[in-house]
Amino acid sequence: MYRETTIVNDSTQISSDGGAGDLIINVGPQHPATHGVLHLVITLNGETIKKVEPHLGYIHRSIEKMCESLTYRQFIYVTSRMDYLSAHINNHGCAICVENGMQIEIPPRAQVIRVLMDELTRIASHELWWGAMAMDVGAFTPFFHAFRERETINDIMEETCGARLTMNYIVPGGVMYDLHPNFQQRVKDFIKLYKSKIHEYDEMVTGNIIFQNRMKNVGVISAEDAISWGCTGPVARGSGVSCDIRKLYPYELYDKIEFDEVLETAGDSFARYMVRVREMNQSIRIIEQLIDNIPEGDFQAKTKAVLKLPKGEFYSRVETARGELGVYIVSEGGTTPYRIKFRSPGFSNLSILDHMIRGGKIGDLIAAMGTLDLVIPDIDR
Amino acid sequence: MNAEELKIKITELLPSAAFEEASEWLTINIEPKDWLPLAQQLRNDASLHFDYLFCLTCIDWKTHLTMVYHLTSTRYRHNIVIKSKLDRTNPEIETVSHIWRTADFHEREAYEMFGVNFLNHPDLRLLILPDGWEGKNPMRKDFEDAVNMIKL
Amino acid sequence: MWSFSNIANNIHEWLSANFNPTWTMIIEMVIAGVAVISLFALLGLVLVIMERKVSAWMQIRLGPNRVGPKGMFQSLADTLKLLVKEGLTPDGADKLLFNLAPFIAMIVAMLLMAPIAFAKNFQMWDLNIGVLYVSAVSSLMVISILMAGWASNNKYSLLGAMRSGAQIVSYELSAGLSALCIVVLSGSLSVGDIIQSQSNGWWIFKGHIPVIIAFVTFIIAVTAETNRAPFDMAEAESELTAGFHTEYSGMKFALFFLAEYVNVFIVCAIGATLFLGGWMPLHIGNWEGFNNAMDYIPSSLWFFGKTFFLIFLIMWFRWTFPRLRIDQLLNLEWKYLLPISMVNLLLVTLMAILGWHF
Amino acid sequence: MMQPGLYHILFISAALFFIGVYGFLTRRNLITMLMSIELILNSVNLNFIAFNKYLWPHQMDGLFFTLFIIAIAAAEAAVAIAIIINLYRSHNSIDVENAEELKY
Amino acid sequence: MSGSTIIFYLLAALTLGSALLSVSTRQIFRAAIYLLFTLIGIAGIYFWLNYQFIAAVQIVVYVGGIVVLIIFSIFLTQQAGEKLPKQKLGRKLFAALAVFCGFGLTILQINQHIFYPTSEGAIDPSVRNIGEKMLNVNDSGYALPFEVISMLLLAAMIGCIVIALRTKPETK
Amino acid sequence: MNENQNKTVDFPGKIEEIPGGGIVLSKLDDIINWARSNSLWPLTFATSCCGIEMMATASAKYDFSRFGFEVARATPRQADVIIIAGTIVNKMGPVLKRLYDQMADPKYVIAMGACAISGGPFFYNTYSVVKGADHIIPVDVYVAGCPPRPEALLHALITLQEKIKSGMTREQIKTKNPNP
Amino acid sequence: MFIVKYIKEVYNGVKSLLVGMRRTGYYFTHHKEIITQEYPDNKDTLNLPERFKGEVVLIHDENNEHSCTGCTACELACPNATIKIVTKFDIMPDGKKKKAIDKFVYHLELCTMCNLCIVACPTDAIKMAQTFEHSVFDRNKLTKILNNPGSKIKEGVE
Amino acid sequence: MGASSLIVLIISAIAFSGIAILISKIVLKATTNKQKGEPYECGVPTQGKTWVQLNVGYYLFALIFLIFDVELVFLYPWAVVAKSMGWIALIEIVIFFFILFMGFLYAHKKGALKWM
């Protein structure tokens, strides 16, 4: 099986020009703090960062190209590999786009299920982010405590969708199967567990003086910058930019549910941290509203075996755990998309890294990058 | 502003603009050369204030390329779509990375995927693809890669 | 009562009965060397497995439990593995220094063993400058780290070495100052006398608030001095991948690892000696009955109990706190610990002169 | 070999002294020159201690002189290195040849 | 010959050997490390002479302080760890010659001169004695120098800070 | 120690009676293999989704520290096993090879997930995915799934342990073809 | 007042640290909070949810019959050609040919457990199994033939 | 067992490390390849020089540390006799500290103890 590979070509890019006393350090592709394969070329002066230059593409799987040859039923499963931490929401976005195109009416039960799944996914994603965040700043224990809750969600997902991470559950026209009988009960248990544990998060990380010193006034983003760099999601909301798609362009029944868009104004890492932590509570609130009144009915609209989108362009936006995901489908009327473009939140959020971290320390870089909550396959696609 | 007012406003900004009703948003077709001045006005005009470029991409119709810009205004919450046809052999258009900073990365992506050449872009280098990919533009329809690409 | 000292004496008598003095000395030296080495290895194994278990339980996991009974052989397996793992030397490295650094680390860790009193009059050498000796030798630790960082010819190593260099030297000061508090109180540098001076109660009880402050400062300072989290700037996992031993592998890395843990043990032993009375059982003033009862617990147990308590404390820190940033780290020392411990030293002196301690 | 005594130590210190001098003469790098100076100072300390031990054991003047010399040496080293670094930052070189034509 | 003699000669060898290396090696970082060994050797000799306090001070100040500082300054000034430039042979020879003559003369002097130790009883240089001598204020004590040292340190610290924080002159 | 045989991995010193009484230990190799198989330190290397499942395996619920795997080293110099968790694309290929080359012997590789085995979901119609990590570095154990659930990864690690204990090289494995 | 602020700072900092230490200390002492499942030992008690997608299997009943008609709907539905259906024509007793599967080739190393084939199958011949222990030394072992040797199609399945 | 313990310790340390490293050299026959010796930097070839000059921030601390270190050395003999000597010791040390504290405050004022 082993043979020297011929198809790879070395990817060394001599980029940052090292002046006198400048230390050029590669962080990544393999680095505990980059959560995957982000490659940053950092120009240091002593410990102070003069320039950060992201090099992407270490996990570029050409998903957009693939989708051009997959049918509208098939291409959805690839999107759950894109931002695997909010797989449901990615699937959701694509499903919505297809449904818009074909004017499929979604049964109410399916809508509720979708929203429930989205919010559970959001919580799970934020849990993982929280653990990884704490690990980046050097506290190891919170990581394991966060996974306790996350695993509970994973079990619920697994019971209903049959997979823990990349569940291809939300399909055009509804969801793939009906809810599992003890779904409701287990979600309620989870909410109980969550509520009994949430204060520990403050005790262990949020209130901790060291943590606050690490986060406050680090990687500050002004509101204008956030908009101009196209930041979305918690990153922009941490700077006081109201950009929650669920509020601005409500897609399922988000307009019927009551929840607050979390806004912080400081714009530093700590603000972004607080936004996510508070968002988890909002998601719990949404779930509590929905969990007890899931309407009966069928979970999938009647659709033709082969889906065909009419000729035209369709754009749908959903709020993933990281920000605004835009799905832009150009159809020629065939069974496969002619061109599909995923406007992924991480891509824009990453682009502001250099701007916000200049003049900081390496430790700052790690902390601030943690609060961007990057998922690299979502950036490279 | 709703679509109608936008239409009027933009017509007086750029008489040559052609409108189409393809998607749910107002879509404007322009010439590449008009793009930069129009972009500046769209961004800076107080009543339009399109300060958020939320999607920038390119489509390869086998005859020509089309740049697509999705713009929205965080103040008035109105969206428009700007389209511009590019010549397929040497596609060129002015960069807007200084107007909307997010365009920086997106344009680099469009550059390597479609070979669109953005004039006056600060550093138009490969962002995602490994070195040595210049010339081949994977997202083009006629892209062939015998080694890596196993057709189904 | 069973104790180390008796054993030592018996051996000595037996040897001197059967051999001429020179041989007696040599044999004793050999025995001592073997004993120290085995103690070293044992400490390494025990501390590593302890750390892993502690972290596991704090992280609601089980921790190693499959290798040997209850996973007790885990660290043994790791050691054997490291023993048979390749120890490579990078091409760009300064070969001599690169290979010398682990030795220095080991020698320093070993030398620190000398003045430690493991049990009642069981001590390798009760220098009359014990405390000063410790702080002097431990100041050599930084050299090995700087050597390793420089010789590796690796950016992470260099940065890590610089960081821990600045860090260690800074924290030596407040560690020394808080140790001085006890020296002032007990009026001697020798470990033996310091322990004797606590025969009617440990300093941390006798010495009111100032000594407690000194104790806290001491613990923080030594945590930083041994490069333990939350002060592990030297090998900041998520920033510089593995700090100054990024390029080290196999046994060379293991030696650093071992030296780190043994240093933790030693500084904790010193802390226990200074503040918690070393092997001295818990005596309260002049309650004869109570004190005698306490004396029945062998002194070595007292010593190791106290030491491991302090070690557990340090591990507790490690698995609870986030890491400080390098400048905050130095601020903590220069803005808080150093002034506090200087003023504290004056307070202690005042107290000692006025005899305000039991 | 005979039992080492005063003469041996004097020999060592003398040797150290001249090694230092040699280094001082040959080196052209300020830091290494500083090192040579440290060697010389150490040889002096050694002498003081030796004399104190062998010739003047009822007093501790030699010891105190050593103590103070060490302290002064530390201060001297600190200032010297501060100057060296400053020189380096202004001239990007710590070679005496380049340092000789300093005008500031 | 006894063990202590061996140890003495070992220490002497360590000291002189590493001193020689330290002035002859062309890698500046190694020079610093050899200097370190020299200082440790000298500390060892102090130990051997039973001046433990001085030995400890030697280690604390020289090894733990000055050498670390030197290493730091090497980190700061030495780019890419390149070797020091080779010295001209002539200068080397001249220096060696001068040094040898000087050394020979000194040894001659030492050997000819006869030292007369005092007959009075020795006092043990323990820390306690040192402390008492250092602190007592009558004219045989060292209280004044003790305070003066603090002045010296103050001066040194201020000097360092002033020099180090001096903004880089714009020459060349 | 023998009654909970299934629970604990015994020290491999086989006790053999010698006619003259007394006992001997088994070969040195067994001990070495035992040590190696029981302290596999993974390299923190995760490219995509499977990496999350790897984290989950490390997390409290599945806790691979029970086997002594939890000492995840960030530098390949000190790591023993590299778990290829996720897709390997052409740009990542050289990096992976380099990391593997820089690991100190002995070193082992686990290919986790469909992508690492064969390109998995991205096998067809992609121009940038390496069709299987074993085109780049030799792989010891493959674990299928997308992603494999944590138990599956644990099973893979146990399989790797068995392989190390058996002391067989890859070629022998190919020829002898044991199960699995 | 400077000193007061200084002391307050120190006090609050230490307090927050102690709170965190109390939490970890709680977990250190309360072992009932441990949630670890010991995988290889709980194999028999480990019950995965029935929907868990481990691998695709072709359902055979006791007399070695399956209900796959070889219509290749699953093959078409599969996003990345994990399934290859090799069909053959076996002669019925009444002489007329009938399409049936020869080999049901299934590449486990490609499968993404997306369940589309199951949904697509008109006769519910295949289902997802809950097995997950797919570790092998040689990746060729992952390519499987799902239909047992000698198996044939059920009666009355069209 | 007196000063000889130091020799014992040093020898045993060297023996321990030496034997350990020797064993690892003997037992394992390591493979080599051309990338193995290169410095590790997250798996990409390193750029630029490693031994570049670092910033001044570190060594200022070392400077001030040296000063305080010397001061610490002088405190040891003082500490031993402080109790027995009583007030004189206290007065002297107060003066000593006072003078040093001047320098300390000066350093703070000049921002020498701020990270740069």
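Order of writing sets the labels: A, B, C, D, E, F, G and H. Residues in every chain begin at 1.
By our rule, a residue touches a chain if its C-beta (ideal position, glycine included) is under 8 Å from a C-beta of that chain, and two chains touch if they have at least 3 such contacts.
Computed from a predicted structure; not experimentally measured.
Minimum number of contact steps separating subunit D from subunit G: 3. By number of C-beta pairs in contact, C-H leads when A-G and C-H are compared.
Farthest chain from subunit D, judged by C-alpha centroids: G.
Each chain gets one centre point, the mean of its Cα atoms, and the points for subunit E and subunit H are 18 Å apart. Centre-to-centre, using mean CA coordinates, subunit D is 21 Å away from subunit H.
Distance from the subunit A centre to the subunit F centre is 30 Å, each centre being the mean of its Cα atoms. With centres defined as mean CA coordinates, subunit H is found 40 Å away from subunit F. Shared interface positions of subunit C, i.e. residues touching 2 or more other chains, are given as 58-62, 82-88, 129, 132, 150, 153, 155-156, 158-159, 162, 165, 169, 172, 188-189, 237, 241, 246-247, 250, 319-321, 326-327. The set of subunit F residues touching two or more other chains comprises 7, 32, 60-61, 63, 66, 74-75, 77, 90-91, 95, 97, 99, 104-106, 121-129, 134, 139, 146, 149. Counting partner chains per residue, subunit D has residues 67, 70-71, 74-75, 77-78, 81-82, 85, 88-89 touching two or more of them. Of all the residues in subunit D, the ones that touch subunit H in their complex are 67, 70-71, 74-75, 77-78, 81-82, 85, 88-89.
Of all residues in subunit H, only 3-4, 6-7, 49-56, 58-60, 62-67, 69-74, 76-81, 85, 88-89, 92, 95-96, 99-100, 102-103, 106-107, 110-112 touch subunit E in the complex they form. Subunit C meets subunit F in the complex at residues 52, 56, 59-71, 73-74, 76-88, 237, 241-242, 246-250, 253. Against subunit B, the residues of subunit F that register as touching in their complex are 90-91, 123-129, 131. Across the interface of their complex, subunit F is touched by residues 129-130, 138, 143, 145, 148-152 of subunit B.
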